[in-house]
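Chains: A, B and C, in written order; residue numbering restarts at 1 for each.
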Amino acid sequence: MAARTIVFEPADPCHAFLTTCSRAEYSDGPLAGVAVAVKDNISTKGIETTCASKILKGYVPPYDAHVVGLLKAAGAAVVGKTNMDEFGMGTTTENSAFGPTLNPSDTGRVPGGSSGGSAAAIAAGMVTMALGTDTGGSIRCPAAFCGITGLKPTYGRVSRFGLIAYANSLEQIGPLGKNVSDVATLMGVIAGHDHRDSTSRNRPFSHSPKNEIKGLKIGIPEEYFGPGVDPEVASVVRKAIGRLVELGATTVPCSIPSMQYALAAYYVTCTSEASSNLARFDGVRYGPAPDTKKSWHDAYQEVRREGFGPEVRRRILLGTFALSSGYYGKYYAKAQVARQNVKADFARIFAGVDVIAGPTMPSIAFKLGEKSDPLSMYLADILTVPANLAGIPAISVPCGKVRGMPVGLQIMGKHFEDERVMDAAYAYEQAVI
Amino acid sequence: MEDQVIIGLEVHCQLDTKSKLFCGCSTDYRSDGPNTHVCPVCLGLPGAMPVLNKRSIEYAMRVAKALNCMVLEESEFSRKNYFYPDLDKAYQITQYDKPLAEGGYLEIESDEGGEKKVQLTRIHVEEDPGRLVHMGNAERGKYSLVDYNRAGIPLIEIVSEPDMRSPKEARKFLNKLRATLEYLSVFDSDKEGSLRVDANISIKGSERVEVKNITSYKGVEKALTFEITRQKNLLRRGQKVDRETRHFLEARGVTQSARSKEQEHDYRYFPEPDLRPLRVKSWVDAIVLPELPDARRGRFMAQYGCSLNHARTLTGDLKLANFFEQVVRGDPAGLSGLAATWIADTLIGELNYRDMSLDRVEPAAVTELVEILKNDLITDKSGIEVLRIMLDQCLKNESCETPAAIVTHLNLGKTTGDTGAITTAIEEAINENPKALDDYRAGKAGALNFLVGQVMKKTRGKADPGTLNRLLTEALKTRGA
Amino acid sequence: MVSEHEVQHIAELADVGINTDELETFTHQFNAILDYFDTLDLVRGDGAAKDDMVNVMREDKIEPSLPQEDVLRNAPAQEDGFIKAPRVM
């Protein structure tokens, strides 16, 4: 029997996709025939997977990531691989080696990153669902900048087997969609235990979002409305939280003191892990051929200098430095202590509230080329990294516009309470439809 | 006073599990083509993740218990980061600051005689890298070929304190360790490359040198002997021994400096984020150890009356110990003394000479041979001849005759009754060797033995020595000697 | 403060090249980021992680390996089933 396929040949003016499958196969299941886009750092058997990097140009994985297998088992049609910041390193998708993705709301602006392609594809109406990954905000940021919904699941709820690693202890594959229901549906397909991922938890997800907000206690951290946040963005988010209060929720002011070093802890951790994860890219088993006439050390250096973009090389250097002899205690070890403090802060706050809410990003989407200084780019992650450091679930739902650009409301919850986080987002979404 | 030699060893042994340390690829790769026992995990493909093989930890804990180590409350895996073509992730998953076990000791026979304890520092588990083959030449260009079949094989690393004082002690340590691991059924020493040794050696007061890439038991003694000589020569000439890493080149029997232009490795260890910690100390109690070499040695002495030396030799290798017990099964008091002597003192040597494995020999055949000898049916010399013929036949895969058949076939039965043949041979020997007769009369030592030898030759070794001696001495007396 | 020379050294340790024309900018940005990392000096506590998930292991079972063609497919250079790599000194 011939495989059933859908035709997928959309116009892609925003450059959301790196690869499209013009005849995408699908089968029976809860997602039968639904077109799903997959971020290009998730391994797809037989389909080129590049992480938007020259060093993986032409790499065709001989295996599917666990979540891709689940998509197929659910009948979904994998219609293409989406653009991203190279290896997930970035907040704007401008670090792609194959050209940036544009924000469908304003093509002079970035879609956010690093899952910019997935978010833009949904925002542009090319697909209704997509997979992204979130290491320090890479699902929530583009969701916020593009005006769609995206969830970073609790660490361990979605298998990372097949996800080309950037920062193992921080990242999760997560669902993006037009609305909370689509995100919930997709989460239901991809969540659950995988014996091939030793950090995977046995916590499947099968939840239809409920419009239950009465009595919900919402923590409002002062650091999320501080001086670094665009006042108009803060105002729109406060209004959105106000809507939840009208629906029956209550707010509780709180503080996360560890925020003062959270971003540093995040960048030390992710660059350290990345420096190790990316060391395997030498062109020998996959990637551009090393010059075998050179000695291996020289050949490797050349392949990696040519194949990695500047931001990737910068982060590899930072991570190598942080792990190097004499500095491990000052940086990496300290960063892990910092993480425990962030976890402790959240635990303390969650003793008195059910969820925590605030803006997803401190600003609206930047103009293309606006953020050229790496450090100022890193500072944009300040509101999203705490959830990754603590491993807690966090969602971004669109909550209005500032100067014509979408703004995201971020809701965070306790470990494994992704369902409750989604319900709160759903309640807001339904209230403003 | 002799310059004191200080030696410590780091021994890597492949654990005999069915599948690799972090994936399900089969470990039985040696007879298969390159890159046929590889999966995304052990190939280090992007996105692949390790999952720990439970049996490898069980095996390692057996070793820890047998070597009297202390298993840590919590241990974890770390990444050791460096670049090399055989290391496909550019890091090796190993254990760094939280190994599986620490401390412990192994008893060996010391150089002074008696036993000594070599203390251990730690035991940990790690993965093997792939295998490199160096190709090409200066004209065509040199390059390397890589086979990742070996990548991910589980290794146990046993680190000793610098307690050994000679290459001989080092070899004894290695042999005892190998035997212990075999007795624990966690290691197969027949597999090529299953054991690798790095040695640290210094002369007291001088710098320490690390010697890597020792892959055979003999190699350890050779490498250390060479190194000691090299270091002593330097010191004798008033030069200093440099602290460095050297590689052992087995074929030439020398060590060579491995110093390169590159900096010393900074491995940038950090805990492996894709693996969870281990809390397995509570498993120790449930581990039931089998009879270990020292215990078996004691039992051989008590049960079979073996001497300490024979017992030590026989129990020093699991297959040999099992072989011995099969040979003497059912007749401990009777055969065991002779069997121990013939197996330990003769069979092993004959096998080594033929580069032949004990597997090729039937225990029943040796039992029969020892019985024939015990019943005094043939001389010792004939016994050796029968053994050699038997081994040669087995080696060539010819249908191996039984010892009894060989004895009959070659008419090796002792000529005890028929003294006629001996007497004739004696007369001939004396007549043919008048000088020997003169020497004997002159009281020269060795003359008698020479004549005994001549008679033995004539009787093709079949003359019973006791009878021969008696008749020869009588014959010489009658000649006025 | 890290010098250009030290940045070069780290680049060699990481086998990642920096072009000479990038070195000055890289070093400048590197130092700015490292300065920011100093906020970690504010961290207090021993950070003892409570690991609830331990002893994650699998049974010693053989699973199928990849066919040799799949192993070699993405490798740019091979010979007789081996993967070719630059020579090791």
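Basically, a contact is a pair of C-beta atoms (placed from the backbone, for glycine too) under 8 Å apart; a residue touches a chain by one contact, two chains touch by 3 or more.
Being a predicted model, the structure only gives us computed values, none of them experimental.
K.L.:
How would the remaining chains group if chain B were removed from the picture, with no chain shifted?
P.N.:
Contact components excluding chain B, positions unchanged: one piece.
K.L.:
Mind having a look at which chain is the central one, using mean CA positions?
P.N.:
Closest chain centre to the overall C-alpha centroid: C.
K.L.:
Have a look at A-C versus B-C and report the one with more C-beta pairs in contact.
P.N.:
Result of the comparison of B-C and A-C: A-C.
K.L.:
Comparing centres built from CA atoms, which chain ends up most distant from chain B?
P.N.:
It is A.
K.L.:
Starting from the mean Cα coordinates of chain A and chain B, work out the distance between those two points in Å.
P.N.:
Roughly 56 Å separates the two chain centres.
K.L.:
Quick one: chain B and chain C, Cα centre-to-centre, how many Å?
P.N.:
Here the centre of chain C sits 40 Å away from the centre of chain B.
K.L.:
Centroid of chain A to centroid of chain C, CA atoms only: how many Å?
P.N.:
21
K.L.:
Touching at least two other chains at once: which residues of chain B meet that condition?
P.N.:
40, 43, 51-52, 83-85, 141, 143-144, 146, 266, 275-276 - these are the residues of chain B that touch more than one other chain.
K.L.:
Please output the residue numbers of chain C that touch at least 2 other chains, ranges allowed.
P.N.:
12-13, 15, 53, 56, 58, 66, 71, 83-89
K.L.:
By the touch rule stated above, which residues of chain A touch at least two different other chains?
P.N.:
59, 62, 195, 198-199, 275, 279, 282, 284-286, 292-293, 296-297, 300, 320, 324
K.L.:
For a test of understanding, state which residues of chain C touch chain A in their complex under the given definition.
P.N.:
Spelled out, the residues of chain C in touch with chain A are 2, 7, 10-19, 22, 26, 29-30, 32-34, 36-49, 53, 56, 58, 66, 70-71, 73-77, 83-89.
K.L.:
For chain C, which residues count as touching chain B in their complex?
P.N.:
So the residues of chain C in touch with chain B come to 9, 12-13, 15, 51, 53-66, 68, 71-72, 79-89.
K.L.:
Quick one: in the complex, what on chain B touches chain C?
P.N.:
17-19, 23-26, 33-40, 43, 51-57, 74, 83-85, 132-136, 141-148, 260, 263, 266, 275-280
K.L.:
Which chain B residues qualify as touching chain A in the complex?
P.N.:
40, 43-52, 79, 81, 83-85, 88-91, 141, 143-144, 146, 262, 266, 268-270, 273-276
K.L.:
Could you pull out which chain A residues touch chain C in their complex?
P.N.:
Its residues touching chain C are 58-60, 62, 156, 195, 198-199, 201, 260-261, 263-265, 267-268, 275, 279, 282-302, 304-305, 308, 310, 313-314, 316-318, 320-322, 324, 330-331, 334-341, 373-375, 378.
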